[in-house]
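Across the two complexes that follow, chain A remains constant while its partner is chain B and subsequently chain C.
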Partner chain A sequence: MIKHWWKVLGAGLVLYSLIVGLSVPLKSGVLDVSPSMLQGGKSYDLIINTYNATFSDENPIDVWIKVDDDNALAARAVKVLGETKLSAHFDIPNYFPNEKENWAYSIIINDKTNGAFIRPRSIAVKFDQINKEIWKNNPVGSLYKIDKMTFPFRSVLYETIRNTYYHVPMWFAMTIIFLVSVFYSIKYLRKKDPLVDLKVRSLTTVGVLLGFMGLITGSLWARSTWGTWWTFSEIKMNMAAIALLIYLAYFVLRNSFDDEEKRAKISAVYNVFACMAMIPLLFVIPRVVTSSLHPGNGGNPAIGGEDLDNTMRMVFYPAVIGWILMGIWLATLLYRVYKIEYKLLDDDV
Partner chain B sequence: MKSIKFLLTFLFVHISILFSFAAETDDIFFRSGKIYIVIGVIVIIFIGIILFLISLERKVKRLENQININE
Partner chain C sequence: MFLVMKNIFLHLQCMNLGTEILVLLKKELVLEWRQKYAISGILLYVLSTVFIVFVSARELDPSTWNSFFWIIILFASVNAITKSFVQEGGNRQLYYYSLVSPLAVIISKIVYNVGLLLLISILTFFTFGLFSGSPVQDLNQFWLAIFLGSLGFSITFTFISAIASKSNNSATLMAILGFPVVIPILLMLIKLSSSALGLETKGNIDNDILILIGIDFLLVGMSIILFPFLWRD
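So, the complex of A and B:
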């Protein structure tokens, strides 16, 4: 049992990512605000639809239109229309302190049970004049904070933000497993041990399996957020498909040799080149090309910036480690079968 | 050849699942904050592992037949 600790760890981390990743609720968020185009000098009753929030008449609710860091416009009256629906009355002044006209403003909702939440750039206000002097400074008041663990609410993504723990670790695990297979390929070329070649074969098989799972889950996710199963304008998606095709060719290459040693040698060399091709395809080109729908491309990696907050990191990194270990487990199982097959063949001869 | 066949089956099964999803209109995607997408993703990963297990079982079976422990 001691020997198998890493398998227990891998399965445990994947289980943890499933349980925590699915059970932690999303933070409250604003689904839509109507009307969203306002005219300076008029009064409006904004209807605000929210997600994962429960409002009641007992707690006072503040609603602000946030102009900038120092300035905000508070709602004169807030009415609860339903559990998740609010109506906020705003008197829009004739003057705004901004330099730009028709600026897109954020809306902030603040109450005790749900905590404060913001919808950036949700309201546009058209006003006739800009006047910093006449504007009465009215900053956002103190905001409630809730201690509950939540995942961030993002419009368009909504609950699918959880896919970060299932779709992305596939690619992490695939990359690591391909790198390990390259290590064994080089080892094969040095030692010429046929068993090492079988290790490479089982690792690449599992890597391709993980890659296809990443591709198909990504396709499903794309359908819900980008509106299409597959798009050729999305660079990372297509580069990943190309990288997987390169790896599929590895198996075709293997099967085209009858001579065992030749097969092992050429496929080991091919595997090194396939990995060298995969790295720019997945990690360089999507970052160089600026128009990518994937987060973090055309610049910094997604996991470094705002795309992953601290609560998500608590699930994401265990999921990555869990899937790497699971992938290695699958590969060792396959390798043991190949090894037995090989030994049996050896005995026959 | 086995692994290629396995991958092709894998692809085929998933594509057919995706299309059967598509037939049920967009509604299923956008209900309940798109939680069904997450379920779909987990199901796809689960199916992938099941297919891996099936192919592994077939390999083991072949070995069993070879050493005649099945009789």
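So, the complex of A and C:
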């Protein structure tokens, strides 16, 4: 049992990421605000649709239009239309304290049960005058904070933000496993031990499996966020598919040799060469060819940016470690199967 | 044929790498000259493909021009390079093994194929120009792209053909092993040449060129390190 601690750890982390990743709710968020184009000098009843929030008449609800860090406009009255629907009455002045004319302002909702939440850049206001003197400021007041563990609410992503814990770790695990397989390929070329070749075979099989799972989870994600299963304008998606083609070709190459030693040697050489060719494919080209919809490309935030907040990190990093360990475990199991096949074949001869 | 080669190899005793490469290059040239069908076949292949492209498309806008150009060169290079290891049978390979170092074999093949691909690219470029006129605005950069492309294709496909020649169905293997591996180079080339065509802004073209050279260096290094493991059965 002590010897197998890493398998227990891997399975535990994957299980943890599945349970926590799927069960923790999203933070409350604003789905849409209408109307979103406002004219200064008029009064509006803004209809606000929210997600994962429960409003009731018992708690007072604050709604602000946030102008900048110091200035905000508070709603005159807030009505609860439904459990997730609000109506906020605003008198929009015809003068604003700074010159961001027609700029999209953020909307902030604050109450006791749901905490405070914000929808950035959701309302545009057209006004005539910049005047700091007569501007009546209602700064954003004391905000409620909820202690519950929640994942961030992001428009476009919504609930699919959880896919971060499954889609991204697949690629991490695939890369690590391919690198380990290259290490064993080099070892084979030095030692010429047929069992080492079996290790390479099992590792590459698991790597391809993880790659396919990464591609499938990515395709599902693309369907719900970009509206398509597959797009050729997305460089990372296509480069990943090509990386998998390289490894599928590896298996074709393996199968085209009858002689065991020749097969092991030539496929080891190809594995090292292909892995080196894959480095520009996965890590250089997507950074140079900038037309990508992925986070981290073309100005989108990525891991380490604001997309991965602390609660997400608590699930994401364990998931990465868990899938790497699971991949290695799977490879050792496959290796044992191949080894038995190999020994049986040896005994027959 | 064998006699000619024997003559060439006679003065091969105790030579350094440089002369070995030169001798092998001379051998490649002599072989190509003797078997004219191979080179003329490739050139005819390029001509007829370009002809088919223009017969079917009539007029090409610059971005289609660009992609057709590189696709034709890609396929012509695969066809031209496949034979570099396949055509020399096991016995002759064995003969080389006893005479020269593996480094000399792979480097001479790569250098020879760079020359061959340059010839093919230049021919393609001129036939394209003949049929439709050239949309290229920055000619120097386009020549650079052609040179770097020949270099990259030659390195990749020569090494892949060394792998594929070990198998019985080498023509199929050549395509499925080679195409995915060559895609990074192809994408960078299309980017480089489309900015030479004026389709893209020349934002940081130096960076792209450096990346292309970096990929070429990486692959040539891998070929040189791995080929000695590959060549002896």
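Note that the second predicted complex is superposed on the first by the 340 of 349 C-alpha atoms of A that agree within 3 Å, B and C clash if a C-alpha of one lies under 4 Å from a C-alpha of the other, contacts with A are read in each partner's own complex, and residues count from 1 in each chain.
The working rule: a contact is a pair of C-beta atoms (placed from the backbone, for glycine too) under 8 Å apart; a residue touches a chain by one contact, two chains touch by 3 or more.
Note that the structure is a prediction, hence the values are computed from the model and not measured.
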Since both structures carry chain A, what do chain B and chain C do when superposed there: clash or fit?
fit
Report for A:149: first if it touches chain B alone, second if chain C alone, otherwise both or neither.
neither
Please tell me which partner, chain B or chain C, touches more residues of chain A.
B
On the A-aligned overlay, A:26 touches which partner chain: chain B = first, chain C = second, or both, or neither?
first
Looking at the overlay, what does A:252 touch: chain B (first), chain C (second), both, or neither?
both
State whether A:166 touches chain B only (first), chain C only (second), both chains, or neither.
first
Considering only touches as defined above, state whether A:333 meets chain B (first), chain C (second), both or neither.
first
Chain B versus chain C as contact partner of A:314, first or second or both or neither
neither
Touched partner set for A:341, first chain B, second chain C, both or neither:
first
Nearest Cα pair across chain B and chain C, whole Å
13
Residue by residue on chain A, keep only those touching chain B in one complex and chain C in the other, then list them.
252
Residue numbers on chain A that touch chain B, as the complex places them:
18, 22, 26, 51-52, 157-160, 162-163, 166-167, 170, 205-206, 208-209, 212-213, 216-217, 219-221, 223-224, 229, 248, 251-252, 255, 330, 333-334, 337, 340-341, 344
Can you list the chain C residues touching chain A in their complex?
156, 159, 163, 166-169, 173, 176-177, 179-181, 183-184, 187-188, 191, 207-208, 211, 214-215, 218-219, 222-223, 226, 229-230, 233
Chain A contacts chain C in the complex at 189, 239, 242-243, 245-246, 249, 252-253, 256-257, 262, 265-266, 268-270, 272-274, 276-277, 279-281, 284-285, 288-289
Residues of chain B defined as touching chain A within the complex:
1, 3-4, 7, 10-11, 14, 18, 21-22, 29-30, 32-35, 37-38, 40-42, 44-45, 48-49, 52, 56, 59-60, 62-63, 66-67
